[in-house]
Every structure is written in structure tokens, then in C-alpha cells.
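The structure's right below; bear with me while I get my questions together.
Labels for the chains are A, B and C, by order of writing; each one numbers its residues from 1.
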Amino acid sequence: MKLSEVAERIGGELKGSGEEEICGVAGIQEATVGEISFLANPRYAPQAAETKASAVIVTEDFDKPCPAALLRVKNPDAAFAKVAALFYTPPPLPELGVHPTAVVAGDVKLGKEVRIGAQCVIEAGVRIDDGTIISPQCYIGYQSRIGKNSRLYPQVSLRESVTIGDRTIIHNGTVLGSDGFGYSVNSKGVRTKIPQIGTVVIGDDVEIGANVTVDRARFGRTVIGNGVKIDNLVQIAHNVEIGDHAVIVAQVGISGSTTIGSRAILAGQAGLAGHLTVGEGAIVGPRSAVIKDVPDGVYVMGTPAMPVAKMKRTHASLMLLPRLKGRFTELEQKVKKLESALAGSGKKSTDNFES
Amino acid sequence: MKLSEVAERIGGELKGSGEEEICGVAGIQEATVGEISFLANPRYAPQAAETKASAVIVTEDFDKPCPAALLRVKNPDAAFAKVAALFYTPPPLPELGVHPTAVVAGDVKLGKEVRIGAQCVIEAGVRIDDGTIISPQCYIGYQSRIGKNSRLYPQVSLRESVTIGDRTIIHNGTVLGSDGFGYSVNSKGVRTKIPQIGTVVIGDDVEIGANVTVDRARFGRTVIGNGVKIDNLVQIAHNVEIGDHAVIVAQVGISGSTTIGSRAILAGQAGLAGHLTVGEGAIVGPRSAVIKDVPDGVYVMGTPAMPVAKMKRTHASLMLLPRLKGRFTELEQKVKKLESALAGSGKKSTDNFES
Amino acid sequence: MKLSEVAERIGGELKGSGEEEICGVAGIQEATVGEISFLANPRYAPQAAETKASAVIVTEDFDKPCPAALLRVKNPDAAFAKVAALFYTPPPLPELGVHPTAVVAGDVKLGKEVRIGAQCVIEAGVRIDDGTIISPQCYIGYQSRIGKNSRLYPQVSLRESVTIGDRTIIHNGTVLGSDGFGYSVNSKGVRTKIPQIGTVVIGDDVEIGANVTVDRARFGRTVIGNGVKIDNLVQIAHNVEIGDHAVIVAQVGISGSTTIGSRAILAGQAGLAGHLTVGEGAIVGPRSAVIKDVPDGVYVMGTPAMPVAKMKRTHASLMLLPRLKGRFTELEQKVKKLESALAGSGKKSTDNFES
């Protein structure tokens, strides 16, 4: 594809020849002749001078040296995503229908154009709607349901009665519907399992990363709303409810019965105690430990998590602490000297200091 | 089942008609006509007034308004677990015997009423005792042994020579017996693998969550005692030993050769350094980082973990720090003024202050 | 094998009879007659007195009581590893060639002496070189390539176009090449997936633990260099680059586009923000949260991570804080008394204190 055609498709302003043949995309450092790259983060601007790319997508006000043709756009990041898609050939899908090595129960209901990959196991009572792709080696438990045009990557496993909506993507190794962690305990510290007989309900347009675990409810439902995006290795305990369009970054853990408001963001490695409410649009900073409710729209951080301004104030004081300690000892010395000075002056009132 | 019959089965005192037909259980907010719910946490008491449940299990002293019939019991939580079990129909088990798609070595010894699900791979020398269920797509490595009435959910994998006791439950995607993380390192920082030739031994009545990893010992055994309960995404390194009835909550990581006492509790996302001893009945708070031994029965918390009273005192001081800083600056000013006041009074002793 | 022969093979100095027949290895506490053990950590020296082992490998200057024959060496740890290997019988490998239950695309290229285990799925365009072992139930995506003498344990899954080098080991349940976590977001907080069309490239002599996740690049490559060792449950985001011989301990999370220098060490449960550079040979302490670049060779620790000396100073001050608070209140009292004492003395200058 000629560079001029690329420019036309993404709607940018071209500076340089449009005749160059573009055959692929790459990062600014890795790109070579015939490839197009981009520059969104000003941090990487110095690399533009040395790029071997044939063209670079830049912001409208970009003014650094660059040997490549420039394509000026409002949002280089978004423009590059479009360009990358132009040159991307996706891998082939599993064949239409059921692979001969898959084990599918007799009463399973499959919609139109469903694909069931090699060595899947689909238990009785399952329903999978039109256009959904189940990659090889997945396990779909008894009476689970998956909507339209969803996609499960290899080795996903769903326990019984899990529901997944439309256009939802689940990555490899993720487990949906494992038992919640619930026990009664006797006086000797011996635990007895509390049956976990609820389910997991996952909405439309959700994406869940690899090796995530979502526990089924003790009773009722663990809920993941529409449009929620969950990164890898996240733990979601029983009876958690996650509002629409919330974002949960890698390695977050959410304890039982906690509710996450819609459009809330939980940054990487955060941990949330149980039975809490995180408000709509709230943000929990990376690695923060949430132990009480977070109001709507509030940004909390730290261990325990507190509003971010307070956390920063506290942290700044903490950093000053070693110096403060020195000043404090000095001040104690001064006061001591003041005391003896006053005592030496023979006034009655100095008696008070001997407490 | 009539409500009166439910009351009889769980032994509570019924207030209201026992004629109502109960056909299921649900949470206090989700329940509808024909369902029974419960109220254990006082936090949710206001919801009782608006429940649509036909009956609610409450504490003996419950006195809030509620339109539903009430079933008064000592422990609503436990009573509800019983009721829920009454209405729960578990999904069908894999068929008795070996599924035709499973690959089972010739010398494998299977007890009575063992179930081996579709597409399992069972290697040579394995023994599986009476009544145990191996769900589809599990991998049981060479010479591993599983006791009676245990259950492996789909896609569990056991490496060679792993031993599991009776009545133990392992959830989807968990890996038992992967190599411990051990290398020798040369002067250039290049690492050479130290063979990990020990095993993993798991006791009776254990439950292990989803996507957990338990490494085999370098030599000897990584041990998980009887009655231990382990949540999802936990990491247990080589040569760790976990005492009977200990509880390990989600995303905890235990480094190599650390010993956890019986009935100890490690709360979510805690991390433990290697070669430590956590005493019997000790508690490690959520997200705490344990870097030295924890005595029996002691509750530690924080990073690094310290006895919880000390941690709270330290934390309280930390929270006061920004205010303290202001007061400190003020005090310095006052002392300065005192010094000049005394200096102004012309006493010899004030010379001392000019240090 | 006679003890004298063991001594000969590992090159140690034998104290005691060499005639004893040794048939296995065990830890100092578990070992029994006919077994050889070792003592590297002085912490365990008292256990030597009570060992039932027939022989114990010790340091050259070991002088504690021990009933067993002693084998004195420079490095007992390394010597024991050698001895353990002498007595270890590894489990059988999958048969040479392709297991009849594996599903292998027609155009897959397999080198000499490749082993493909039961129920693997190998997609079109894959190439696997000489001597590599793919254990049962693995999934190798479209056009992925695996070098020579590498080993994948059961249930590893590779998405499309992933490259693995020679002599690399991947443990059970690990996912390589899942989509990076990248979305564009509109003004209503609704996210749209940004295609993740890059790849993952893994070097030679790498080892990756169980249930790890490595995301494919947004474009370009996520890179894991030669000799890198990665423990269990680690998260590596899109476009991360890890230098040769780096070490990543369990449950670490590395955010997108961060670069780890060669021979750097990231200790357990550390978290790294995105777009950072950790220098060559740098060390990130356990559970540390890295939010800015770490220079070559620097050891950082804490949340946020700072040079370890600074972190320790800050932490020491923090531990003193409760006591400091008491001393501070006392000092305020003293200053108050000094002020009234001076005021009582009737000097003009005391007026200054009433600010």
C-alpha cells in the first residue's frame, strides 16, 4: 500500500513523498525501510531522528528532526492502531462447527456459525449462541450459556451454570465459576466447606485476561457488568459485583461481596477487603489496599488506601522524617539549655520545670 | 417444600405462616416470592424491610421490620447454608470408569467407583483410590497417587510423584509439583538449574483453589497438611511445609523452606520470605510482608510485618505526622524567641545557646 | 553406590567409613539409614547431632557433633545437588514422534527426535526443532516456533506467532502471547479494544514457571532475553523487554513497555509501573513498587521503591515515631512553661510570645 493511500485512510496530513510502498508497522526503534511507525509519547521524540522507518505518524505540532516522511494527525496513538490493523493478518479461526475430537453432550444447543475447537469438552445443557468461537481445549460446564460472537481462547474453563454475554473475550487459562472460599470453623480450628451454589454472570463486551479466577457466588451471583475489562492473574471472589465499564488491572484481588461501581478503575496489584463499596468512577491506585468504602469519583491510594492528596502529604512527611528527627534532638537540647539558664537566674517559677 | 418443613429441618423458631411453598434461596435483595433468604450481617438489616422473599432467616433477637415470614435461629449464616443445600441440585458427575477419550497408561491402578473424565491423561505408575473424581482434561503425572473420595476439577495438572490424600478438592487450572525456583549462579550472573527432585505431599480434607501453584521440593517434600484450605492464585514454593488446618487466602506467596504452623491464617496477598517459621495459630494480616519468624498465636501485620498493636501505633503516628510537622515548626519558632528573650535579659548563661 | 564412590564423584574429603551403601538423598531431619544428607545453612547445624542419615555433606570447617559419616566439601549445597542427581530417576518422556491423540496441522515442521504428547493441539505453520518435548495437552498457536531441546510441560498454551529459543523450559499452565491490556476510552468511559498484533520472543536457556502470563506486544515484540529465569504466577505485560540472565521471582508484575536490564533481579511480589527502565544488574527488593527508573546496579526497595539505604533510614525513623510523638508533647509542655516563666519575670521581650 502506498503511503499516500495510508494517509488517505487515516485522514492525516502528509509531509514527504506519498509514493513510498508501505508493507508493515513497527516501533520507532525497530522499524526499517518499508515500515511505518508512530510517536505519541514525547519521551521517545529523540528516537525520531534515528529511525529507519519510511514514515512516522506524529502529532500536528511535531517539530523534531526525523529522516522519515511524516504523517501529522491529532491522535498518533489512535491513528497508528488503525494503520496497524490495515497490515495485520489474523490467524485462522477454528473450523465452523464442532471439531471431531471435541466431546459435546447430546443436548447442547449451538447457534449458527459457532466454532468448537479440537479437544473441547462441552457438558450437558450448555447453550452457545451464533458466531461464538470456543478455541481448542476449553471446558464448558453443565448448563453454562455463552452469547453471540464471543470468543474463548484455548484452555479456558467454565464450571456449571456460568453465563457469558455477547461479544465477550476470555483469554487462555482463565477459570470462571470455581467455588468461593467459604468455611465454617469449629472451636478446634477445623473448617467445614460451605457449599458454593451460586453462579457467575458476565455481561456483554467484556474482556478477561489470562489465568484470571472468578469464583461463583455462595448463593446468588458473582456479577461482571457490561464492558468491563479485566487484565491477567486477577482474583475475583464470590459475590463480588463489578459495575459496567470498570477496569481491573493485572494481579488485583477483590475479596468476597465487594461491589465495584461502574467505570471505576482498580490499578495493578491493588487489594480490596470484603463487603466494601467502591463508588462509580472511583480510582484505586496501584498496589493500594482498600479497607473501607470509596465514595463515587474519589481517587484513593496507599496502604491502607486514603484520598490521594492525603496519601501524598503523609508520604512527603515520612520522607522528611529522618531530617526532622535530627532537628528534634537539637530542639530538645536547646530547651534543656533554656531551662538551666532560667533555673540559673534564680526565679521561683523555674521550680515548675522539675516535673 | 413448605416453610414449616424448612423450619423443622434447620430447627428454628418460625414467626408467620408455615404454609408458604419455598422453592429456592437467594440474597435478601435478589430474593422473590417463593424464595427464602437470610440476614446475618447487621449491616444489611435495613434491606429486610424491602425484601420480596417469602421468608428470611434471622437471629433470635432480630426486631427490625420485615414483610416476610421470619425463621429465628442462633446462627443465620449456618442455618442458611443448610437450607441452600436442601434446594441445590449439583451438576452430574463424569460417568463411572474411564471416559473413552482419556489416555490412561496400562499399569494405572484405579479403585472402586473412580471417575476419569474426558481427555484426561494419566501417566504410568499412577494410583487413584475409591470414589475419586478426576474431571475432564486433567493431567496426572508419573507415579502420582490420589486417595479416596477426592475431586479434581478440570485442567488440574500434577507432575510426577505428587501425593494427594482423601477427600481433598483441587480447583481448575491448579499446578502441583512444578519445579522449585532454584539455580546456582556464576560470576557472570549466568544461572544453572538445580534439579528439583523432591515431591509434593498433600493431606486429607484439603481444598486448593483455582490457578494455584505448588512447587515440588528441591529434594524431600513440599508438604500441605490435613484440612488446609488454600484460595485462588496462591504461590507455594519448594520445601514449604504447611501445618494442619492452616488457611491461606488468595494471592499469598510463600517463599522456599518456610514453615507455617497448624491453624495459622495468612490473609490475602500476604508475602512470606524464605526459611521462616510462622507459629501455630499465628495470623498474618492482609498484604503483610513477613521477614522474620512469627511466634505461636501472634497476629502480625504491615510491611515489614510486626505485632498488630505496634503496627497500629506506628500507623497512627504516621497519620498524625503532617500535623505534627506544623506543630514542630511552630515550636522551633517559640524556642528561638525564648532564646532571644533570654539573651536580651543579659545573662551570661545565654552564651550557651549559640552552639 | 558405596559412600566412597559418592565421595570420589563429588570430590570431597571423607571422614568415616566409605563402605556404607548409599541408596538415596533426603533432608537432614527426614533422612534415614542408607541416605545421604547435607548441611549448608549453619542455622540447621544443631540438627546434625540427631540425624539418622548414613552420611552428611558438610563444609570443610564443620566441627559440630554428628553421628553420621561426614563428607567435607567447599560448597555443600552444590555438592548435594550433584549427589541428588546421581540418585534421581527422571520420569519417562512422552514417546518419540506424535501421540495419536494429538491434533497436528498438516504443514507443521517437526525436527528430529521431537516428542508431541497426548492431546496436544499444534496449529498450522508451527515449526518445532530437534529434540524438543511438548508434553500432553499443550496448545501451540499458528506459526509459533520452538527451538531445539526445549521442553513444555503439560497445559502450556502459546498463541499465534510466539517464538521460543533453544533449551528453554516452560512449566504447566503458562500462557504466552495473550493480548496486551490496551483500550481507547471515550468520554463516557466506554473502552474499545486496541488490536494487539505484535508477538512474544523468548530466548535460549530461559525457564518460565507455572501459570505465568506473558502478553504479546501491541505491535513489535515482548522480549524475554537469553538465560532469563521467571518464577510462578508472574505477569509480564505487552512490549516489556527483559534483558539476558535477569531473574523474576514469583508474583511479580511488570507493566507495559518497561525494560529490565540484563542480570537484574526482581524479588517476589514486586510491581513495576509502565514505560520504565530498570538498569543492568539492578535489584528490586521483595514487594517493592517501582515508579521511576532504576539506574544500573542500584538496589531499590519499598513503596515507592527508593535506594535501600534511604528506605531503611526512613523506616527506622518511622519505627521511632510513636516514641518521638511522646517526647514531642513533653517538649511542647516544657516550652509552654518556659514561656510563662519568662512572662512571669516581667521582661518586655516576653510580649513577643503572644503571636
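Quick notes on this structure:
Throughout what follows, contacts are C-beta pairs under 8 Å (C-beta built on N, C-alpha and C of every residue); 3 or more make two chains touch, one makes a residue touch a chain.
The model shown is predicted, which means the values in this text are computed figures rather than measured ones.
Number of steps on the shortest path from chain B to chain C, with steps defined by chain touch: 1. Per the C-alpha superposition, chain A sits rotated 120 degrees relative to chain B, a value rounded to a multiple of 5. For this pair, chain A with chain C, the centres built from the Cα atoms lie 23 Å apart.
In chain C, the positions touching at least two other chains are 101, 119, 137, 155, 173, 211, 233, 251, 269, 303, 318, 321, 324, 328, 331, 335, 338, 342, 345. Residues 101, 103, 119, 121, 123-124, 137, 139, 141-143, 155, 157, 159-161, 173, 175, 178-179, 181, 183-184, 188-191, 193-195, 197, 211-213, 215, 218-221, 233, 235, 237, 239, 251, 253, 255, 271, 273, 275, 289, 303, 313-314, 316-318, 320-321, 324, 327-328, 331, 334-335, 337-338, 340-342, 344-345 of chain B are the ones touching chain C in the complex. Every residue of chain B that touches chain A in the complex is listed here, in rising order: 25-27, 30, 41, 43, 77-78, 80-81, 84-85, 88, 91-92, 99, 101, 117-119, 135-137, 153-155, 169, 171-173, 207, 209-211, 227, 229, 231-233, 245, 247, 249-251, 262-263, 268-269, 281, 286-287, 303, 318-319, 321-322, 324-325, 328, 331-332, 335, 338-339, 342, 345, 347, 349-350, 352-353.
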